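Letters A, B, C and D name the chains as they come in the text, with residue numbers starting at 1 for each one.
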Amino acid sequence: MGAGVRLIVRGAKTLSERTMEHKTCTSLRIVENRPLGGGAQYLLSLENPGWGAGGKTWRPGQFVMLRPVSWGLELTWARPFSIAQVDEGGLRLVIRPAGRGTDRIAGLAPGDEVFLWGPLGTSFVTEPETPTLLLAGGVGLAPFWGYAARHPAPANLRLVLGHTIDLAAFPLDPFAPLAGAGRLHTFHQRTMADLDAFIALLERHIADHGRAANGLVLACGPGPFLRTVRRLCDAAGARCQVSLENRMACGIGACLGCVARDAAGRNVQSCTRGPVFWTRDLAEEF
Amino acid sequence: MDLSVSFGGLTLKNPVLTASGTFGYGLEFTPYGDLARLGGFVVKGISLLPREGNPMPRIAETPCGMLNAIGLQNVGAEVFLRDKLPRLPWRETAVVVNLYACSAEEFGDLAGLFAGEEGVAALEVNVSCPNVREGGAAFGADPAQIAAVTAAVKRRAGDKPVIVKLSPNVTDIVAAGRAAMDGGADILSAINTLTGMAVDVRTRRPRLANVVGGLSGPAVKPVGLRCVWQLASALPLPVIGIGGIASAEDALEYVLVGAHAVQAGTANFSRPDFAFRLVDDIAALAAELGLDSLDACRGGLRT
Amino acid sequence: MDLSVSFGGLTLKNPVLTASGTFGYGLEFTPYGDLARLGGFVVKGISLLPREGNPMPRIAETPCGMLNAIGLQNVGAEVFLRDKLPRLPWRETAVVVNLYACSAEEFGDLAGLFAGEEGVAALEVNVSCPNVREGGAAFGADPAQIAAVTAAVKRRAGDKPVIVKLSPNVTDIVAAGRAAMDGGADILSAINTLTGMAVDVRTRRPRLANVVGGLSGPAVKPVGLRCVWQLASALPLPVIGIGGIASAEDALEYVLVGAHAVQAGTANFSRPDFAFRLVDDIAALAAELGLDSLDACRGGLRT
Amino acid sequence: MGAGVRLIVRGAKTLSERTMEHKTCTSLRIVENRPLGGGAQYLLSLENPGWGAGGKTWRPGQFVMLRPVSWGLELTWARPFSIAQVDEGGLRLVIRPAGRGTDRIAGLAPGDEVFLWGPLGTSFVTEPETPTLLLAGGVGLAPFWGYAARHPAPANLRLVLGHTIDLAAFPLDPFAPLAGAGRLHTFHQRTMADLDAFIALLERHIADHGRAANGLVLACGPGPFLRTVRRLCDAAGARCQVSLENRMACGIGACLGCVARDAAGRNVQSCTRGPVFWTRDLAEEF
């Protein structure tokens, strides 16, 4: 599926192909906004956006652009958030308050209206038989909720979560099967000194998914974390996809504000050609 | 109600265009609306050769607006003509090409590439390139340069209407508009972005790698309205109003001060169906205000 | 932490001034804070004779900002000196008088009235009067006029520091600043308001009786920062940063791009204790950022 | 009291006199926001701002400037509202949604925070023994709530309320004593044609409070209404105060955006020299 998806996204598309992607923009209401870990993160549930049959038309790694109606004219842009899951509870996002926009999203209450478009961008590849390492930095955990839930052979998955805030701020229930099987590892980075230990942990797990194992590494988190992962994967010969968190205005490839540098030295939109990239397709300093 | 407008050699089914750089090449918006419903759209500024644009970060949100310093990243004229234009519904809506160059000659060459293209409804000239030869000030700041660039484009544009897009970063925008008229412009559009800057006190860095960038969005609407009013009051050329349009009211405000059509820019980022909805909203508002046509209110400001 | 700043002959206990026209004569704010806590305040623009100002409406709210066309209503120099100044705590805080006139001679006469006044810390020259003799463009748009007006004020100002307040409605604000420097200015302040306009689609009337007015507030902060950065980078004169300051972060942004002090304007309307709180907030933010003094971060933008 | 008040407000004040006026600016929470008449108006109750002994330091006709914290930077100015009453329920305002700001105020919920300063401006004169006619145009009723409640001789009061929206949108309980005594008159203006009848009604009542009766007319409402009242009072020789509703930015005399033209042809701040003026102190076209 992965290769096919990339083909559709990258090739010249006809209008009808695009329409088949079921991207929509729509008004939705907040169903629930649950603080996790005392408000360090929020589990935001929205009405189901109705993205076609069984909600299966979105793929883990994709994201939505979300803009509360209450922002009026003051905050111009919507904000991008990974789709964590779509289930009976609706569309689930995990939000980390990190600035003017996310702070206000944390204050949304059930019934409040947001404008939302998606699903957007590329997704993580799924290779059922491949040992697959999921590396999450903080709220980068979000896309792996849906990824793990949909994976046809979860026994091949292993997840490492690095976090600076309390572990209680993360929705870990969806990963209970992994945890039960001893394949969920969390690392609390409290001080800068812990960083080396965390990198060593990453290195160990990446080594298990390197050239010899023909494994796969999927990573989502802040830029420095992704660059470290990429370096370690290159060293271990591990195939690796990263999900970039570049600032976005439109989310649909129009503004050119979110570009990353690709391996050919060209600037490509991380909202449409990403957010998920094979590291081999990105420049050294992406 | 009939929303169609006709001016300066351009006929549009309604007055809603989208602003260059805020609507990609049009195709990006097809999942969110039918391009054929728009009066037209202006594509991202196109140069002779492809450009990779400025380093990141290139955008910053500001109160009721945003700054951008994209640096005119674009696929270049050749790729546009080969890969983009053929896929656009140009028979049903006006596709306006925004031209970006850094000398009058280059502008002329660029215009020549589009003059014979059936799918192109008009050319819009973006005179914001910093002119290195003249000490780095933008073309757009110097009436003589505006006239020269406009004349160069007009000479090579065949029968395409030439729109000259004016910068608000000048002491006297009417002088700039008059220069474009003298150079042979058919239509003026205003405003381009205001030069601005944003800073992060914690990192001590500018929020744009380019340090300065262009301010747009509702924050600049008062400046846009003032410029369009000055131009429409002083000059006989039709004007397309641009700057901070976020509602049908905003669009009609531009018409009231004298605009023949409008371009919506930054608002396309706030929601991708914005321009499509704007068409409906203008129709509804015009009906509510009892207007038979836009001609009935254009320039009708009671001062 | 020591917030005091000293520049261009002016010493302030902290960098917070309030902007002319947004703080009345100071007295209006005494119920909401102690004037002596401010670095200083600039009073409403004062002319030789009292003025009644423009017809109503004179103000309109715009997205993240406002327009005003007050038209320099003021009590005149004589009443100010007799009824207002004696009641101000000028021993404890800097009272800056903002001068408004429509010719270099008039400006000189006005400066002469304040030169000997112990209670006046500095004179700020507002060069925004439309110059009728020169075809209606404001003084502030013409470097030669700025130099002439500055020189006229400086000649009569005694030992008072002369601040020249620059307009952003120009192609080249550095040229304007250089002209002020050539005229003998001690300090520059920027920015004054951007010329803008607002319209009511239902009544079809401009929202200001004067049609155009001055745009201020957070909407213009990116333009203000850009102007101050350009001035501070290009000229050796100290600059006071003005435009859209609504928080301690905003104020320190101006310091980072090179300002020695700031003026808070429109924000005084959002809450009358704004300027007083700003002093505390800047102290808190500077402490959080580990600054020993403002000198430690002035102009420290990492580009 | 009236004359004294005007003296304090108009004379050159020392700092300590000003301080004695107990103006404050403060953050307050919404206690209740009750829609009246299906949302045509709102009865907004706020925490008591604590304006000194028994809350008696405000005077009917004075106003507050109110700015919800949720407006962020988008709406620059606070909005002025007449103080309707301060009682056990807190500070009461009556709000008519009429634009961007008041529409958002209508959406405030208990617990929401607003910034507020006041009490501001001049007040209606109280002459206990004088037959006093209160003329309210729509939400101009608000200041008469407190006025009627405090009046030492309510038997001398008569109230006429002209309204275009449903009467249910008005808080009439406070005026029950007047209504009971047949001294509350309401007039529903549905069409433009009703205007003449309304003016005739005003004229009748004003005549009863004219030169012969040495009466007093106090009016609050939209500009055209006030100008009509003024004309009728001049004709009847009635002494009259009007409360102006000019647009305001600061509310404290600093911006000069709210000026009215006085009898000497000078522009005076309606926020500090008003909002309540004797009509004789105002220019013909105020």
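Here are a few things to note about the model shown:
Convention: a residue touches a chain if its C-beta (ideal position, glycine included) is under 8 Å from a C-beta of that chain, and two chains touch if they have at least 3 such contacts.
Note that the structure is a prediction, hence the values are computed from the model and not measured.
Of all chains in the assembly, those touching chain C and also chain D are A, B.
By count of C-beta pairs in contact, A-B exceeds the other of the chain pairs B-D and A-B. Chain B and chain D have Cα centroids lying 48 Å from one another. Our note on geometry: chain A versus chain D, Cα centroid distance of 55 Å, whole angstroms. Averaged C-alpha coordinates give centres for chain A and chain B that are 35 Å from one another. The distance from the centre of chain B to the centre of chain C, with each centre set as the mean of the Cα atoms, comes to 34 Å. Residue positions of chain B touching 2 or more other chains: 62-65, 218, 246. Chain contacts: chain D has residues 73-74 touching two or more partner chains.
A complete topology is adopted by the chain contact network, contact being made between every pair of chains.
Only residues 21-24, 28-32, 44, 52-53, 56-59, 61-66, 68, 70, 73, 83, 87, 217-218, 246, 266, 268-273 of chain C touch chain D when the two sit together in their complex.
Residue ranges of chain A in contact with chain B, taken from their complex: 12, 14-15, 18-19, 21, 23-25, 67, 73-78, 115, 117, 246-247, 249-259, 265-267, 272. The touching residues of chain B, counted against chain C in their complex, run 62-65, 67, 137, 141, 169-172, 194-199, 201-206, 211-212, 215, 218-223, 225-226, 229, 244, 246, 249, 252-253, 256-257, 285, 289, 297, 300-303.
Listing the residues of chain A that touch chain C in their complex gives 73-74. Those residues of chain B that touch chain D in the complex are listed here as 63-64.
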